[in-house]
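Got some structures for you, see below.
One chain, chain A, links the two complexes that follow: it is found with chain B in the first and with chain C in the second.
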Partner chain A sequence: MVLEILVAVTVVSLIGTVLAALLTICEHFIADYGPCQISINDESDVTVKGGKDLLSMLTAERIFIPSACGGRGTCGLCKLKVLEGAGPLLPTEEPYLEKEERESNVRLACQVKVRGDLKIEIPQELLAVREYTCKCVEITDLTHDIKQFRLELIEPTTIDYIPGQYVQLLTPVYEKSDEEIYRAYSISSNPAEKSVIELIIRLVPGGICTTYCFEYLKVGDEVKINGPYGDFRLLDSDAPIVFIAGGSGMAPIKCMLHHMKNTDNKRKTIYYFGANEPRELLLTDLMREFEKQLANFRFVPVVCEPEDSNVLGCEIGLVTHAVQRDLKNATECEAYLCGSPGMIDATIKVLEELGVSEDKIFYDKF
Partner chain B sequence: MTQVGIVMKESPEDRKLEEVLRSSRLAAGGFMGHDNRSVSEVIDADATELSRLGFTKEQVAERMRQITKVAISGLGTWVQVGDGMEGKVDEAKGWLICPWPHKGKLAKRITVVKVIETGESIRWSDLNTHLISEHGFFEGKGSDFRIEPRKLIRTIF
Partner chain C sequence: MNAGPEISQAFVVCVSAMFTQNILLTYFLGLCPFLGVSREVKTSMGLGLAVIFVLTSTCMLNWLTYHYVLVPLGLEFFRFILFIIIIAAFVQLVEMVLDRYSPFLYQKLGVFLPLITVNCAILGASLFMVIRDYSFIVTIGYGFGSGLGWFLAIIAMAGIRQKLANERIPQGLQGPGITLIIAGLMALAFMGFSGVLQGT
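The block that comes next holds the complex of A and B.
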């Protein structure tokens, strides 16, 4: 009996395998969808050879849509509107789309196959995204596990971005990764230097991209990035600013501070930077410089483990506790946060307790 | 029926999974280390070890989740996570994806637990907890994030 079941199951699975293989072969060699036209925002058209998914076709046309899963349909980041030609919604897309999104024809670009003409809508800011070939010209140790990477743009030679935005860094195939992958890093440089991008990167244990950056990337190497992306940016208002960050979360705040200095911004600003120990504080000298150069800026380093902290003029405890103790006129403030998701969650809670309304708290929502 | 499953030839899905787990596409160095056993052999061997130790994968994963939850409150500093145990989390922005084909994403978070008296420590990522609870997968020998059931149980219970 068991033998019969075994034989039957094996036969069925063999037939399934053969059919699936046949289908793939047919799709590859026989199905010819010919040239397909993709109309973008009713403004421009690109013509592609049909058959592949929309995400990779757009990437081939140098139109970059955010993606964190390499097109596997598991991150839900590659959303865009496909107004015509996408065919019915696939079961693989459904879990990632809200009701309103489905109603307005939002689809996952990696799941939509281009088999005919398409009409799509891409947000303007994504159309401004470019790929940049750069040269790594400097690597600086900022702490035991954080480095700053200075990348000089080779092609194109300049970049425009809004302080707070991020780029995606391409990790090439190397010993520990057999596929190219992208990871997001906030731009930390002075936006006045348009031919340079600086990134502040913390080593993540067992991480594909950070291991590459820390152990394999050398000064002089070529690096590819694309961007800029993201909505994290300073609002144009007069409200007092409170920056709260930890670790590599320093990156976008540093960029914003450069920008504030370049534009002679006089807004009242306080910056709480949290670290476990004094050795994890970074760029303290630069922050002290900003204190001198900006009209109304105070830097407050906060460390949990107090040894030596008096020397550095630090607050003691968790960064959230320091904010709770120290932040005056919270209800008037705009708060800009950057750090680990755990730190962001805890900080939002504290800020809300202090009376900062939700719409005045800004951070990258990932 | 399980017997039939074991003897049966690998399905295309199994082969694809095996290939993903051995590749470095989702995690540096992959999930199988230098282990030459098949994924199902790894899972079965750890399931046997776990039941010999008197635990289920659900119990183990639940305890791991509890510890991570307490450790998160330390915002990266050591906090007490149980009797004689300290833990801390290390978190990066972004998401990890399970190599099994299903929807969902996991935080890029590592929990480290230290037994104060013995100094023994163990670490896991949120993905490890998910792999154990949903797929009974402790990873192949030699994988950076392989978790030995015996050591895990000795440390966290």
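The block that comes next holds the complex of A and C.
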């Protein structure tokens, strides 16, 4: 009986071991693709040991490509152009790529395996993406449900970004969430201050990240962010600017206004800011400051239900109505929108009715 | 030893495994990928071919292991564990080799291999061959026939589902619902073959 058990266990373990050894040896010899060179944007080369997927190789080289599923091929975010060396399109990639993307060699980085030298194209912005460790140095109440968080960069100590871009804030594991998650927030600070990031965050009831920021994050705590991401930015032209925002959509616009002030930009600018009640208006004083400092800037707060009309010198009604009433020379303007999807969709409709061409409307929906 | 009768028996077993004893439609094994990957004929084809290949080769490997290792040692009851280990290792190995030496085959079959490791039709076929006490040559025929049967079933299903994409299906039946009904109808149709071949 004992002997039988011993023999059985030995035989099974032996077969298992032999197979495992065989696989390991094969992996060593067969799946060894040697050093592979990845040429990025024809500018820089990195040499990696082949055999794994492109996404994890790039992450190991500290090049962060956005990815939400962690390389399982289910989110379709890690798109980049692979010009040479990727082999044919895989069935696992097909559902995520449009026809134009397939024709221009866009691939999912998590599915492309590095088997030889590759030539890839990564948007410049993504190359600048880093992970930053920061310290929360100030939390300011802007309204009853919007706070501004000031984060001082510890490592690396400075950040370069284009006004309008966003960062991802890491929410650590805490009482109400048992996994780490990232959420995107636009940068609202003055881009001249390269060692500080400010975020304007509105409390989402039940939101994992916003609840953490509002109830658990304290001055002095360490937080991690990565970025910058996004292509919401001011075009370099002379056309008059229309900013339209609501709630925490203030953030990227505020950053752009800082930048305009820093560079003494004289473009004609008008900023409609929508709120339901007067108590939801934020940073009005700062905007009035900008009106004085910028050559050609006008701030128009629009309140839907004022308790006491005209008390703040603001327009009454929906922000879209105010734009309709107030905006002249719409056809020449470039429009920059930031806010909730509902507000943005309604505003785009109004702007198009007013004659703003579609390619001059830029927005950041959240 | 005269292999003649064995070969003809292998042929009969192969045909019966394809139709009357279709591993998918009579035993309902390997149903998960059958429902999951049958949206397009092209992808089903890849998966089906991979199943034929893996089924045939693992049946052979498992037959050898069973008769030359397990039976002499009296360890037949270990076949479940060992068959699974062997199938998993074999599939991984094949994937690795394809990936390295044949990009064309990897593109067509390789990406489906990890899906197959846990396909119960593969293990099922290996266990049936033991229960039915097939000889080695018959086992080859059985493995190949079962794979081909699975292949035919999934191709037929994918063809039907591609047509269904343009049909108006009641809301509650969309997706898995209608697919299971079709699978049932297909199983009924395949049962019609049972009159053709008997005594296997």
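Methods note: the second predicted complex is superposed on the first by the 260 of 366 C-alpha atoms of A that agree within 3 Å, B and C clash if a C-alpha of one lies under 4 Å from a C-alpha of the other, contacts with A are read in each partner's own complex, and residues count from 1 in each chain.
Assume contacts are C-beta pairs under 8 Å (C-beta built on N, C-alpha and C of every residue); 3 or more make two chains touch, one makes a residue touch a chain.
As the structure is a prediction and not an experimental result, all values here were calculated from the model.
In the superposition on chain A, A:154 makes contact with neither chain B nor chain C.
Legend: residue contacts after superposition of the two complexes on their common chain; A:316 is shown touching neither chain B nor chain C. By the touch criterion stated above, A:137 is placed in contact with neither chain B nor chain C.
Within the superposed three-chain model, A:87 lies in touch with chain C and out of touch with chain B [touch as defined at top]. Note on chain A: of its two partners chain C and chain B, the one contacting more of its residues is B.
Of the two partner chains, chain B is the only one that A:343 touches; chain C does not reach it. Once the two complexes are laid over each other on the shared chain, residue contacts for A:113 go to chain C alone; chain B is not touched.
Residues 16, 20 of chain A touch chain B in one complex and chain C in the other.
Those residues of chain A whose C-beta lies close enough to touch chain C in the complex are 4, 7-8, 11-12, 15-16, 19-20, 22-23, 26-27, 30-31, 33, 87-88, 90-92, 113, 115.
Residues of chain B that touch chain A in their complex: 3-4, 7-9, 11-12, 23-25, 27-29, 72-73, 75-77, 89-95, 97-98, 103-105, 107-110, 123, 125, 144-145.
Put simply, chain C touches chain A in their complex at residues 43, 46, 65, 69, 73-75, 78, 81-82, 85-86, 89, 92-93, 96-97, 99-100, 103, 107, 111. For chain A in complex with chain B, the residues that touch the partner chain are 2, 5-6, 9-10, 13-14, 16-17, 20, 68-70, 72, 74-76, 95-96, 176-179, 181, 183-184, 202, 204-208, 211, 246-247, 274, 276, 304-305, 318-320, 340-343, 346, 364, 366.
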